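Order of writing sets the labels: A, B, C and D. Residues in every chain begin at 1.
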Amino acid sequence: MRIDLNCDVGEGAGFDEQILPLVSSANLACGFHAGDPTSLRETLRLARRHGVAVGAHPSYPDREGFGRTALARSPERVRDDVVYQVAALAGLCRAEGVALRHVKPHGALYNAAAQDRALAEAICEAVKSFDPALAVVCLAGSPMAEVVRAAGLPCAEEAFADRAYTSRGVLVPRSQAGAVIEDPARVAERASLLVRQGYLGSIDGRPVSLRADTLCVHGDTPGAVALLRAIRARLAGDGVEVRSW
Amino acid sequence: MRIDLNCDVGEGAGFDEQILPLVSSANLACGFHAGDPTSLRETLRLARRHGVAVGAHPSYPDREGFGRTALARSPERVRDDVVYQVAALAGLCRAEGVALRHVKPHGALYNAAAQDRALAEAICEAVKSFDPALAVVCLAGSPMAEVVRAAGLPCAEEAFADRAYTSRGVLVPRSQAGAVIEDPARVAERASLLVRQGYLGSIDGRPVSLRADTLCVHGDTPGAVALLRAIRARLAGDGVEVRSW
Amino acid sequence: MRIDLNCDVGEGAGFDEQILPLVSSANLACGFHAGDPTSLRETLRLARRHGVAVGAHPSYPDREGFGRTALARSPERVRDDVVYQVAALAGLCRAEGVALRHVKPHGALYNAAAQDRALAEAICEAVKSFDPALAVVCLAGSPMAEVVRAAGLPCAEEAFADRAYTSRGVLVPRSQAGAVIEDPARVAERASLLVRQGYLGSIDGRPVSLRADTLCVHGDTPGAVALLRAIRARLAGDGVEVRSW
Amino acid sequence: MRIDLNCDVGEGAGFDEQILPLVSSANLACGFHAGDPTSLRETLRLARRHGVAVGAHPSYPDREGFGRTALARSPERVRDDVVYQVAALAGLCRAEGVALRHVKPHGALYNAAAQDRALAEAICEAVKSFDPALAVVCLAGSPMAEVVRAAGLPCAEEAFADRAYTSRGVLVPRSQAGAVIEDPARVAERASLLVRQGYLGSIDGRPVSLRADTLCVHGDTPGAVALLRAIRARLAGDGVEVRSW
């Protein structure tokens, strides 16, 4: 058994050097919500040193709001924004001799595309026109996962061990109490259940079935390092290999 | 749980149309042991229609011997031969809008590189210089698997459900009785054991541990179709998903 | 005899539709001083319709100052900025099926790199690492032209028919009276002399020798269209072909 | 004034080391009529050392006949053969960090495509699908030149200073007396006339107008070196710069 662990990096949070040795894939900001060319190259070198698979993490153009503002942006603009960002990061990858492996939308774009098929299709069109070998990472069980597969692109479905789900498999909004689970032991237990049994306990008490190719740990808090260590220790004990798909 | 099923195609055996719907990845001859540009494009279209991941299947330059003759060829020549073949197939992929995902050496080159680190390194150097995102497929547990990982390339270890292994994990040569297992039910049973338990019965009777990312079924006999059907039925019954890594 | 006519476009000046039919190559803003992904794609389609060769026009990161502010930016940062911008535009080109042919730095970066070999080398390193087939456009006779050639990159030396030169071959700064020549007939006469005889009258009265592969007309004034028409009419009368190198 | 001098290399004729310092662009065999991956890489290194622009020289699949046999091959097959060969050479270029700049069909394919629009279109379709930035070299004034331009590809029209033309601008077949001009002084004189005045004396005595971007000297005879030296000396005396387009 195996699972990928992914984390967003290159966003200036200051923990990349501790996080990259603990994950198997990393999503790099592309300049629209965070990141500049020279710091991204440094992150690429760090990712290469730790054998971490590199992906692009395109966003709405929103540095002020760190890409977390829901923008009313047409699918056509989203498509062109994604081509621009993925291509720019791919150019830095080429200059560093690093392979670009996947694309994972960031923040508000991730959430919108997960449910909005037209946005998901715009992202897939962008990825296909640039490089049809790139995998697209999206919310496990979401309509976007169907769109990615229908586009003929490799699809990596993502779950969050440190986020509460409703019994219908939807993430509990961060604004709600209990939405984020911070206890490393509990997060590790959830990760183990999810990988080995394919389900998670929901906030309603009932188990929710989820089929995930990758687990996300958010990289912008110091707690991320402790969570990752707990998850890896637990998965190692379970005989689960951590590596990119 | 999941596993990739791969098969060599584009070699003129005449079964590609029946085989491609049954596998999750396909290795396409690149012209050095079989294949010509126009028939390869047809195979690419077929692979796309069935959502099959496409790889290059480079060989020693040996059309007469179908790439099965062991040639005394320097690592430097092998490296350049592999760049040429992978790039040529990648060009046809680009023209068809199909992603190239992996490289699997063919025949005598596969066998030689599995054990000869200098040859394995030459192949990895070729792949890295062309596209470091390409996975390299090699014999599970072989020295080549270590070379591929040390090169920082994605590595897909391959096992053969229809071939006998010794208890040391080495393939029994085709020239020996019992080397090839033809009974679909037995092959399917072996595939199931390998994927779910990580071992196979060896020709000596003792189980042999194998960690495989992909199972190969040889595509050049009519029996391949029956084997693939039996394997897929068995894996479906076991709840194992068949898809490329 | 032949010459290339180039113009900066995609900068929002509003004259692109009139200008593109009159030039043989166009430099597209890459987002750092002007331009956004969707409007750049529109400009790419316009360039394709008119058979105009497309180049990237990377800048210092300075949207406020339209890339005209001299920034104290290290060669390493300039290199990474150029990779990012050229790659991003190349991605949009790929999505539109348009060839990217050259790179011409914009504004303050153009002026600084023309004289500063370390900056010129940083730009060349960026271009080579991304695509060594791209030509680099630089000030005719400048130290940068030597750097480009030493880097083994195709070099296109650029002259300005509508700008005054000193007798030492240096552009008269825009702040000085007489720096910009606005009379279409006089600009056309200068273009003709330059292309056919290889010299221009300088502001000091003495002729200055210049060997140019391309003539630039600035695209951000309505006068550009009249200048271009006058130049083309004059060159056509001289039997000079206008096309990209 | 300037002109490109091109020569076919990598064909095993043994003069590449003497010829490459004398030309500005070189056409490399791609394996279908001559050339193997390792010797092509050596030629690429030689071309880079001398700053020579590299092009692909695809052929009919005809090693026995050195690509000089006219084959009845459908446009579709020609298209796929050209994609395969250009992509394979481009892969070797990428591995060596050398830019691929142009495509020039070889031998019987060159002659057939010059006059047969369907073949010329097949070649252009192949080039566009692989890399629309590649120039296509073809017989000056031929129908193929119109096809290349209509396809939106950069077109380099080619003339032969050492071959006789009829007054209608058609090459005199090699089988006819006087078809090949061997005297270096006379060839140099013809090159000079062609570049500076745009015409050549025809075999009928009347001048024939030709507009050429590149002059070809055949690389498979020892005489090539003497011809190239004579042409370069003459053009240098005329003030004509020799460099690729």
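Definition applied: contacts are C-beta pairs under 8 Å (C-beta built on N, C-alpha and C of every residue); 3 or more make two chains touch, one makes a residue touch a chain.
Every value quoted in this text rests on a predicted model; they were computed, and no experiment measured them.
Given the touch definition stated above, what is the smallest step count connecting subunit A to subunit D?
Steps on the shortest route: 2.
When the contacting C-beta pairs are counted for B-D and for A-B, which pair yields the higher total?
Between B-D and A-B, the larger count of C-beta pairs in contact belongs to B-D.
By mean C-alpha coordinates, which chain is most distant from subunit D?
Computed centres place A farthest from subunit D.
Between subunit B and subunit C, what is the separation of their C-alpha centroids in Å?
The separation of the two C-alpha centroids amounts to 50 Å.
Can you work out the whole-Å distance between the CA centroids of subunit B and subunit D?
40
How many angstrom lie between the centres of subunit A and subunit B, each centre taken as the mean Cα position?
Taking the average C-alpha coordinate of subunit A and of subunit B, the gap between them is 30 Å.
Provide the list of subunit D residues touching at least two other chains, using ranges where the numbers run on.
There are none in subunit D.
Who touches whom among the chains?
Pairs of chains that touch one another: A-B, A-C, B-D, C-D.
With touch defined as at the start, can you tell me which subunit A residues reach subunit B in the complex?
Against subunit B, subunit A makes touches at 1, 48, 51, 53, 97-101, 128, 131-133, 152, 154, 244-245.
Over in the complex, which subunit B residues touch subunit D? Could you list them?
31, 36-38, 40-41, 61, 76-77, 80-81, 83-92, 94-95, 126, 129-130
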